[in-house]
Every structure is written in structure tokens, then in C-alpha cells.
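Got some structures for you, see below.
Here come two complexes built around chain A, the first alongside chain B, the second alongside chain C.
The block that comes next holds the complex of A and B.
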């Protein structure tokens, strides 16, 4: 690991020694390292950058690391060490929470790979091309339902229509889940055989595309829920 | 070496516990009582009393006596003005400010009242450690428990109370989590646990996963204004309705009557946990309450605890059937109907073998021990119960740290300026799950100062929010272009500033002198009461008659009766010397009896019988 990690060192504030990026305690003086330069959530938790994570491993590593630097165990330590323990624990907890959920895991992967879902104003408002037809039909239905309700129609009349309108969107959502899973497997295979950036980019782009669509579909479904409730 | 303790600062009762020889134990008085009623009374001469003595004054001096102060911690006046009518003490404060409680001439904030309770517990523990022969019996630090669903303001108020009491607050931990720690001591196995904590004033549900000694909270939910108090109030209102009056219609001198009613209904409530019917007798008013009647009346209160349970399970991604064990905590879980509803929800019989009043303090003591000794057998990983957010344009909340995030947790948000050369930005921090600011709890307003002058929109101020292991928020900020750190001035919405807390700490020392004389009297009275209780308990024991017949000298029983009557006679007086004399007399008179009782239990125990069977 030496040749790879020499350019990604963190510095121990206690003894001034250098340490590889993915360790938490100084190899020289054994003190907990201040969270300066650090690895991403995957490497911090000692996990490969894969989407089909071994969740048992994730939980196990989370517990092991919590036991290493939870603030409970630094109550009598120096202020610098207490601070380091607080920061390392916080980062660990953030990492654990993010990687535990499959969707936030994908979003995080896209972020660290430089293709964030929420970035450059994309997502949310613009209708994805693949969904144009469904969105058009749904909006028509919603308009008509609102008109019926405005005219004082009873719930029994408009509710079934909304329920019906929801079904094709839900079908799309389920199809998406399957597609995301297939793409995730594809990504993991690339990681496993150490594929280069040129091979990875199209898979990441496809993942990102699906995530944007997924967010849009969820917004549509939330809109229908609100209409049904209100 | 000084000591550290765990404190359960409850709505109704408070307890202190500590670890001795690796085991947590609750501190008891001579009579075996661990519960110190969370009641404070300030007499006309300014002396303060806490606990059983204050509880008595609830009937004789209700306007100078405060109970259930925990309900007011971290609250604004407008939050609580509604229930003030039912309370004998004055609840004051101005809109937008903290609550103040009027006790005679003094007005105290809830943290100050809680500090008086904490100081009492500290003193009791120190007296105990001194009696054990500690060279330094001082209690230097404490872990204090709070309901899991307490927000930042309520936690901060609790920490302030500890500081005002002169305690180093080692950690604020959640009550259900503390309970799980005490519960998990004996059985170190893996599994999913639900802790249902229904106390005097608050309700919590926490779902935990226990594995490798790590107690990891997966989700928590609750209601910080739901407890046995609500059941009592329902019953009080029912009685008042039958007497064709209401609390609001009573004048201030009739408030004492409400307390009499309250005392009577609480006794009936307790009776109904064991019996099918209870007698309710208040002056001329007399009626029987059946358990069925009682259960119908309180069903809505129990129902209110179930929605948080379902929400916590959903947040943890679990079905009720996946829970391996259900642990019951808090005095209200003694009610059979509560146990039954919980058993129905989870489809299994809940654990009730640990004393639901004591288990939280035991867990707090374990946590205190972990902090000072570095013992790594167990680790608590708790969560923040409510999402933390900031106000953005149009009064909408942007969430920074989501609820049920493991703490410590952090989050950051970028801010900029709206006007050229603007050097300060206001940030409004809220806690809650709703989308609009007004529907959430306002925590604080931060003023960011020292932003380098730049054209509008150019500064990039990153504010880092940090929730520590106590569940308490702090924030730091820096402008990324210039790397200049900003100062953050915090104005808590319903809390005290650091300066106020300091001043209160100083004030509490000034009052310490007058409090001291009162303390000595109370200590004498407590001592007397425990001797009375122990004596009466012995006299009720089945073997008492036999001891009298076979072991007593002529006139021995008469001497006990006389000493007992004499002590009871002086007990209510303020004559400390007389109380002490009569206590001494009763102690002497009963020494032989106590020895005989002891001998018999030892013999029984050696014969393979449980001591409890003999009692």
C-alpha cells in the first residue's frame, strides 16, 4: 500500500508524524487522529466502493469503529483528543447512515465519482423525457379531479380516479427499482475487475439518469397522496 | 477520590444511583425508600425543603410548593399557561420568555427548581459516602437522564440545572436507553429490544439493537407531555365534576382542596393496579371506583402512547413481531391495562421483573462509571429524536440533521449575503418534523458576525452544526473564500444564557446558609420516619407475635409502643433536638426486636427459603 498512499497522508497533531489516509489512530504515537484529510464514507468504514454492500459487514465495522472512537471513551483525554473523537464519531455516524440505505448509497457514490444527482440545478423540475407520456396523462387527470372537487363532487366519485391514475406511475417506480439493481450489479462488476474510468462513466451516467427519474416519480406520487389527503 | 453518580431526574420522583464493586445500586434511605419526590417547597422564611417533607407541604402550604417541574423545563410561558389553572403554585413569565414559577416571594425558573432537587440528591449521596468512610465523599459529577423525546431546549435546561446545583454534568442520556443498559447487564445477548417508558409526565418509546455489547438505538419517539399526571388530572376532573365544581372555579385558598383530591385519586389509582375496585373518600364525598370504570376513563391516554410506538417501529423499518423483548419502564407501566395494550401491540408479554422506578437511575450510574473509568464492556449509541433544520425563504424549513440520526452527528449549510458589504447574517434554528417553521419548535437564533465585506451573494459562509453525545447542539461558521471564522452569538428561544446560569449558581450559594438549618431538621425527620417505618413493618410481620411471646422481656413491648407514640408526636414539630431524642429512644427500644427479626430471616435463608417469603 506504500506507493499508493504516500501522496495521501494525514498529519498527526500530537506527534507531527504522517499517517495513511484510511487509519484513525497515529501509527507512531497511537493517539486518535484529528479528522483533517480523510477518506470517503466507503474507505472510512473499510468497505469497497460497491453498491451491493454486505450489510452485516457494514454493521460490524460500524460497531467496531464506534468502540474505537466514541466520545464516551475519551472523557478523560486531552481537549484535542476529545475533539478528534467527536469529529471521527460524527463522520462515522454520517457515513453509516448514508451507506445503510441503498438509495442514499447510490447518491453518495455519484457524488464522490463527481456526478452528483442534486448538482448543477438538474433534477426535480424538468420532466425526464422517458416520463413525458405518463406525466401528461397524470396532469390531465389531476386537473379533472380538481374540477370535480371544485364542483362539490363526493369523494367516492373522484378518489377511484386518482387511485387509477396512480397505478401506471407506481409500475414505473417498480420497474425503476429493478433497473437500479441491474445497474448497481454492473457497477460492482466493474469495480471488481478494476475497470478504467472510460468503462465506468457510462454506468455512472445511467445510474444518475435513473436516480433523477426516480426522484421525479416520487414527487409525482407524493403529489397524488397530497391530493387524496386534502 | 470523589464520586460520580447517575441521577434519574423524574417528573414525580427522582433517584440517585452509583456503581459499587462493579454493580449499580440505587441509594436508599434507612427505610429502604429510594424515591425522592420531585417536589420543592420554599417556606415563608426562605428555607427550602425537597422530597417527602415538601410533599407534605403540598397539603399545608400549596402555594409555596411546586411539583412536576420537569413539565416546564425548556418551555415558554405560552406553552404552559393552559394548564396553570390546575396547579397550586403560580406560573409566570412573559410571552416569548422562559417560564417562571412563583413560590411565595421568590420566582424561580424551572432549571433553578430542578437544581434544588439535584442538590438534595447530591447531599444524600454525599452523606451516604461519608457514612461508608470515604475520605472524599464529594459527588463531583453526574450523568442525568432525560426523556428520549426531549428537544434541545429541554436538554439544555436540564444541563443548566446540574450546573446550578454545582454538579459537573458528565453526560445527559436518554431514559429508555439508560434502562436498556441496566436491563442488559445480566443478559448479554443480541437482539431487538423495545423500551416502553411511561412515567409521571413523559412518554418515550425506543427501539434498540443490542450486539457485541453495543446498545444501538435505531429509532425513538414519544410525547414529552404525556404521563401519569394526565391520568391523575382526568380523575381529579371527574371528582370535581361530581362535586359540581371545577378547578377554575376554586379560589386560590381552595387550591389546597384540589391537592387533597389529587392525593386521594392517586392512592385509588395505585390500589386499582392490584384490586378490582378502590374506595375514594374525600371529606363527605365517597364513592367506589371499579377497575373497569378506571380503564374506560384512561383508555384514551393509553391510546396516545401507541401511535409513537408504531412510528418508531416504522422508522426502524421493523414489524412489531420482529421485536425480541419489550421492557417496561416508569411508574405508569404498573397499570395492568397499560401492560395489556403493550402486550397486544408487540404480541408478547413485556418484561416487568426490574423495578420500573429504579431501572433508569441504575443505567445512569453504569454510564457514569463508563465515562470515568473508561470501562469498554458496553457502549450506548443513541439518536437525536427530532430533525434539526434552519429557516429558509418563505418560512420553510431546510433539514440539516434528520431525526433518528446516531449522535454525535453533524451537518452543514452554506449561507451568503443579500446586500453588498453585509457583515452579519441571522440564522433561525428549529427542531421538528414539519415543513413550515411555525409548526416546529424554535430552538435559537444565531447571529453570524464578522463576514468580510464583499458584494452581495459572494461570501460563502459554511455553518457547521454539531449535535454532541448529549443530544445538544452547537454551531461553528467560517467564510470559505477568506477562511475567516465567524463568531456565532446564540440567543436561545426558551433557555438561559451562560451568564444567567452563572448568576443562578452564585445565588444558590447565598441561599445555602438558610437551607442548611432546614436540611438538618429534614435529615432528622427522615431518619425518624425510617425508624418508624421499620418498626411498624416489624410489628406487622407474621413472626412478631411469636417473638413477643418467646423472646421479649416484661414491659419490652410497652417501651416500644411508648417510644413510637412519642416520636410520632414530635415528628411534625420543628424541634430538631426532640425528634433526635425520640428517634434515639425508639432505636434503643427496638434493637432487641430487630436482632430477633434478623436472626429469623437468616435461619430461614439458611434453610433454603427466600428471605422475601419470611417478610
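The block that comes next holds the complex of A and C.
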């Protein structure tokens, strides 16, 4: 996929020359390129499409590009170049913010790979039955605690219950984090050896499933936190 | 986004909330979830072994108003239907009845999935009973 994008061209509005998709300045006239066709966040930042990103590299590339795009340098340039500098800066900030966080990085990868987490996946993914049962039981527990509190029960009665309820779900969350990390490493290995879509797809699907399960886990933990704080 | 009156009615006065004995061979249980929004829905049917008609249906849903309304409506519709009639309930019927907006259509899908899962569980239990009989009385 990345080899395909590097062959695609964008056109320089200043000199009409062609430029590879991942460059920001025209190779012919050196002017900043209008943000029209562009690469994804990874290639925009000059990074491989990997999940264990070299964060130092990310920071450095971000800073370098930020400086190059900075609107102050285009103060006396043509309106088109001034706009290009703003658009490139803004897209750069989006890219940096998204790739900096491991979770949003995974979500973004799934999106550019055509398997978005928040997509119209109605019925597309099956959460394991054991997790569903756990989620259901914990929700019931939360309901009961709410009822106890509604009935004026003392904190000593319901707090230990909530604390107990939290433990298994926290263990789940930690196990999930470990699984995500293992899958991320697997993905990176595939990218490194240039594996084809057939090899990549199952890893992406597994990553997507883990990300979806995260919603359940985070919702539950948030519910418990709210109850403890309220 | 405004909820329709029917959604609000089912949300405020949900029908058939509760549970049926999971181990009962005539009870089918469906537990489904929508990981996108974190909803989880349990729907159960109790089938009359003589008539094959659903005598009772219960649900419990943790989720948004539309998910609760969709499952509440589903249990209302299930009662009095045969197992096969129940399988004919489509999520689009629920969408139409509750006037669900496009962003809430997945709630009706979840309800349909829950019906299918509950009936599937019931059939599996019955199938086990049938195969036990079949082994006892092999037929040509």
C-alpha cells in the first residue's frame, strides 16, 4: 500500500510540476505545495506505518516540519503559499496528536487500513461470550450498588462491593494492554518484511477486536469510578 | 437528536424487564453486545413445549434509551409468536415502530441479534434433547 502511495503524484500549483505524494515542497521550484492529495499521517510525518513508533523520531520530524511550514516564514509569500503553510501546519498538528498516543495510533492505523473501529460494524464483530457475561454481571452489580445507595446504605456497605467488582475488570484491562502490545509487535514485524494483505488482515482484525473490547472495559471502569466519586 | 414518543414510553415504562431461569430447557437466552457503544443486552424467551408458542419473554439491557426501547418492544412482540414467527422479526420493523433515527439503527440490529441468539439457544437445547431421543430410537 505504501509503495503505491509513493508513486501517486500531487501537482505543484506554483510551477505545475509533479511531486511525490509524501513531499511537502516542490522538487522543481521549491515552493510549499498546496495540501491537496497527500499521504496518511504516517507518511506525512516521514514515518513507517508501524505501531511501535520511534517517539524520538516522531518528535524530531514534527519539530522540523513545524518549522518548515510555519506561517511566519510565508508572511511575504503569495496567498496560495500562505494558505498552503496554514493547511500543512494544521494537518501536521492533527497527524502528530493522533500518532503520539498509542491508542489513537492504533485506531488511526485501522482506519487507513480500511477497518475503522467506530465504523458501521453493526454485527460485524463478536465480543467473546465470556466478556459479555462479565460485562453483564458487573453492570448488574453496579445497579444493585446504586439501589443500595438510593436506599441510604452507608458507604462501608457498598464501597467494598465496588472495590471487589473493580478487580476482575482491571485485570482484564491489563491483560488487554498486553495483548494489544503483542499484536502491535506482530503488525510491525509484518510491515518490516513487507507482508501481503492476506497476512496483514488477521492481525488488523485482532487489533480491531481488542480495541472494541476496550470500550466495554473502559465504560465499566468509568461507571465504577463515577459511583465511587458520586 | 430527539427521541420519539414510543422510545420514551418504552424507556420510561420498559415492558418485561427481568430474567427467566437460564437452565430451564424451554428457556432460550441471548446475550449480545454492541462493542462500538458498550451496550449489552440479554433477552430470554420461554417456549410452551406443547404448542411451540412463546409464552413469556424477558430482557435486561444496559445501554442507551433506544437499546432499551428496542429490546422492550421485541419482548412485547415475541409473546404469542411461534419460534419461526419470532425469527421473522426484522430490525427494520423495530426501526419503523420506534421511528429510530439512522444513528440508532444499530440498537435495533442488536435487538434482532438478541432474538436470534435466544431462539438459537432454545433450539440448541431442544436439539440436544432430540438427538438424545434419536440415539435411543434410531430411525432409518
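As a convention for this text, the second predicted complex is superposed on the first by the 213 of 230 C-alpha atoms of A that agree within 3 Å, B and C clash if a C-alpha of one lies under 4 Å from a C-alpha of the other, contacts with A are read in each partner's own complex, and residues count from 1 in each chain.
We take it that contacts are C-beta pairs under 8 Å (C-beta built on N, C-alpha and C of every residue); 3 or more make two chains touch, one makes a residue touch a chain.
All values reported here derive from a predicted model rather than from experimental measurement.
J.: Identify the partner contact of A:111: answer first if only chain B is touched, second if only chain C is, both if each is, neither if none is.
T.: Neither: A:111 stays clear of chain B and chain C.
J.: Check the residue A:136 against both partner chains and state whether it touches chain B (first), chain C (second), both, or neither.
T.: A:136 contacts chain C only, not chain B.
J.: Figure out whether A:63 sits in contact with chain B (first) or chain C (second), or with both, or with neither.
T.: first
J.: Once the structures are superposed on A, label A:73 by its partner contacts, choosing first (chain B), second (chain C), both or neither.
T.: The answer is first: A:73 touches chain B but not chain C.
J.: Should A:212 be classified as contacting the first partner (chain B), the second (chain C), both, or neither?
T.: So A:212 only meets chain C here.
J.: What is the contact status of A:127 with respect to chain B (first) and chain C (second): first, second, both, or neither?
T.: A:127 sits against chain C, while chain B stays out of touch.
J.: Looking at the overlay, what does A:103 touch: chain B (first), chain C (second), both, or neither?
T.: In the superposition, A:103 touches no partner, neither chain B nor chain C.
J.: In the overlaid three-chain picture, which partner chain does A:43 touch, first (chain B) or second (chain C), both, or neither?
T.: neither
J.: By the touch definition above, which chain A residues appear in both interfaces, chain B in one complex and chain C in the other?
T.: Comparing the two interfaces on chain A, one with chain B and one with chain C, no residues are shared.
J.: Which of the residues in chain B end up touching chain A in this complex?
T.: Counting only chain B, the residues touching chain A are 170-171, 211-212, 214, 216, 367, 370-372, 374, 376, 379-381, 402, 405-410, 466, 468-469.
J.: Could you please specify the touching residues of chain A with respect to chain C in the complex?
T.: 117-118, 121-123, 125, 127, 129, 132-133, 135-136, 139-140, 212-213, 215-216, 218-219
J.: If you look only at chain C, which of its residues touch chain A in the complex?
T.: Against chain A, the touching part of chain C is residues 31-38, 40, 42, 60, 62, 105-106, 109, 113.
J.: Would you tell me which residues of chain A are touching chain B in their complex?
T.: Residue positions touching the partner: 59, 63, 66-67, 70-73, 75-76, 86-87, 89-91, 93-94, 96-97.
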